[in-house]
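Below, chain A partners chain B and then partners chain C, in two separate complexes.
Let's turn to the complex of A and B:
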């Protein structure tokens, strides 16, 4: 059965790009997409996906808040942070339980970016 | 966490890193003091396997000292180390090390900027426990310098290619007249600027501003106009570097406007900028010659040279006593290099259109001729005269569109007529502009001190009008943008005289002006 992913990003364009990558390249089924932290929490609950990708700077509830709420209820949740933020906030997200991160900008035109993205997703799926 | 912090050292591995990495030590003024006892290879198996025997000489330096971290950086490193401690088993090192707060170091040593890239490596023991993090410092300066140099080279090439494209994209004679025009303007700009600087040095000149006087009269305004025209034309032709250079000069001029008499520094910059513009222009002229070779490619030039020799030889032959067939052949040969007048006047058509456009006028350029192909030098020998006459016509002779409309005149026209006669050639140029009043011209001559009243009275209308060929005769108090320094028509007259010809002018107020250049035939009487 296909792995499922929920994509949360406040940029519709980037959500579309990510959705396409997950379905076309990684063979995932995109269960749902959201544009803020509140939707991330709702959608995780509704779909219990194999993976949820999370932007950090989002309206309503930000990525860090959503991550904490999801992990509080589902400690085994696999959360992949996809963000341009690469400072203390990202460190904190990884410390509280985000499985890994992918750095924006999304460079789907570059081999090395795609290679790293694939490796990161594979790692996360292998983790407990 | 303390365990990791304690084991978190900068390890300088003598002999195991590239010589440039050794630079790290030069960045570390405290290294001597902070150097911890060398790690023993046997005490850290993982490290030993990673670095071999040289690890024995590795030096361990507390990172906060080694990298001269400030308090904030130290706090960030603390957070990062904490994360490393938590996640080093399940998160790729590549991912973790990319999050380290410092990825590069810069410092300035004397003249030199030192730029070091840091890379982090984790050292684990046999159980997969983290024992240390090694920091490698790689001197990035050489590669950075190379990248910068390549980038500069690329930029220069890009601009050069654009210049070449602009040279190739426009007809050579059009580019040629642009370059001529730009050179005149830059010379005028230099003249204005040097004049202003010289005036500043005079005693009591303090405070005489660049922009003093009415907007139309100030030196600054003149300079600005010349630069602006160069910029606009260069931009239109696609000479981006020249346009950018003119923009820079304009900006400096503008800066001087706001700082009153202007700071010494800005003035020096403007002087340099103007000189730079002239250099850029000369480079374009050189490139133009390389590409177009005075207007043709190399093959055309060689062909033309051969053709000219053949035609000249044929033209010089005494054919009267020859067989008619042979005579016809020789005469045809002599005309091999001939071209139609309509083709040869392209340069002047472009000149008229461009000057008119710059002045906001519209002029139709009409060419007629009573003959077929003519010698290619029929016009070029009086090129200077034609250029000055045509510029003058568009600038002075042709009225503004509004004036023409008020006078019930349609679009302006300049007529160019080539008439070959038995023993001579006429180039007639006429406009349908405002014309000139012989009496007013004579009065102007008297006012300018060029002739006396008695001399003026002795002249007929043609004689009075011919005063415009005198040096320093100008009908304007201020030089205009295109012509009007009182030299152009004098130069035209001299050019025609030097070639054994005559220049005539005739005009009546409201009825336009006619110039006629009379020249001896080129290349022997038997032709044309």
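Let's turn to the complex of A and C:
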């Protein structure tokens, strides 16, 4: 059975890019997409995907808040943070329990970026 | 760094934080910060462009002695805020460029949908720039607590134009001549102690 992913980003363009990558390159089924942290929490509960990608700068509830809410209820959730943000907030997200982090811009035009992204996802899926 | 979920807190929050943490009086000279941001801005915009558009754009610094008006029906804006500084960034792309980009990048999508995706892609560029500016501001004053708002799309036409004093801003024009694509990027850099 296909692995499932929920993609959460307030940029529809980025969601489209990530959706194509997960379905066409990694063979995932995109269970749902959302554009703010509140939707992230709802969608995680509804779909319980193998992986959820989380932007940080989002309206309503930001990615850090959504990450904390999801992990409070589902400690085994695999959350991959995908953001342009740098600095202490990232470390905070990893400390809370995000499995890993991919830094924007997403360079799907580069082979090394795709290779590293794939490796990151594989590593997360193998984690407990 | 924090992100701000419900809109930009703006000047008041920056001022409050600046006073609370007692760093405003000792903050760097405005001209130094503007020069630093101005010198890095083109690189940051190019970084954001690389994640979104395949076409190479060339950036040109535009001098503005008086008032620079951000004026267009579709403007993307975003705030990066530290206790001492705020940087409000704007990306302005005219509709004809957006339509051309939409056709070029998303030929299989209906025109309206492609247009929305181009606006979203432009917002992603502004978001990348603002995220890095927030990081730069935090490094400047060795203060980790910087904030960014989510990018917003707004109508800045006519009386809703946003006016920036020339000495408070950095202004760039970007063009991809072979594809007849162009956009403007403006950053308004203000000390929140002012």
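In the analysis below, the second predicted complex is superposed on the first by the 128 of 128 C-alpha atoms of A that agree within 3 Å, B and C clash if a C-alpha of one lies under 4 Å from a C-alpha of the other, contacts with A are read in each partner's own complex, and residues count from 1 in each chain.
As a convention for this text, contacts are C-beta pairs under 8 Å (C-beta built on N, C-alpha and C of every residue); 3 or more make two chains touch, one makes a residue touch a chain.
Treat the numbers as computed from the prediction; the structure is a model and nothing was measured.
Undergrad: Look at where chain B and chain C land on chain A after superposing the complexes, then choose clash or fit.
TA: In the superposition, chain B and chain C stay clear of each other.
Undergrad: Which of the two partners, first being chain B and second being chain C, lies in contact with A:26: first, second, both, or neither?
TA: A:26 sits against neither chain B nor chain C.
Undergrad: If you stack the two complexes on chain A, which partner ends up touching A:58: first (chain B), second (chain C), both, or neither?
TA: A:58 sits against chain C, while chain B stays out of touch.
Undergrad: With the two structures laid over each other on chain A, which partner does A:107 touch: chain B (first), chain C (second), both, or neither?
TA: second
Undergrad: Output check: A:88 vs chain B and chain C. Expected answer is one of first, second, both, neither. What do you get?
TA: Both partners.
Undergrad: For A:68, select first, second, both or neither according to whether it touches chain B, chain C, the two together, or no partner.
TA: neither
Undergrad: Using the touch definition from the top, say if A:37 reaches chain B (first), chain C (second), both or neither.
TA: Only chain C; A:37 stays clear of chain B.
Undergrad: A:10 in the overlay: touching chain B, chain C, both, or neither? Say first, second, both or neither.
TA: A:10 contacts chain C only, not chain B.
Undergrad: Quick one: classify A:127 as touching chain B (first), chain C (second), both or neither.
TA: In the superposition, A:127 touches chain B alone.
Undergrad: Going by the contact rule stated at the top, is it chain B or chain C that touches a larger number of residues on chain A?
TA: Per-residue touch count on chain A favours C.
Undergrad: Vertex at chain A, arms to chain B and chain C: angle between C-alpha centres to the nearest 10°?
TA: In the superposed model, the angle at chain A is 30 degrees.
Undergrad: Chain B and chain C, closest CA-CA distance after overlay, in Å?
TA: Comparing every C-alpha of chain B with every C-alpha of chain C, the smallest gap is 5 Å.
Undergrad: Kindly list the residues of chain A that each of chain B and chain C touches, one partner per complex.
TA: The answer is residues 86-88 of chain A.
Undergrad: Using the touch definition from the top, list the residues of chain B that touch chain A in their complex.
TA: 76, 79-80, 82-83, 86-87, 90-92, 94-95, 98-99
Undergrad: In the complex formed with chain A, which residues of chain C make contact?
TA: Contacts found on chain C: 1-7, 47-48, 50-52, 54, 116-118, 120-121, 123-124, 127-128, 131-132, 134-135, 138, 144, 146, 148-151.
Undergrad: Using the touch rule from the top, collect the residues of chain A that touch chain B in their complex.
TA: Where chain A meets chain B, its residues are 86-88, 90-92, 94-95, 99-101, 103, 116, 119-120, 123, 127.
Undergrad: In their shared complex, at which residues does chain A touch chain C?
TA: 10-14, 16, 37, 56-65, 83-89, 104-107, 109
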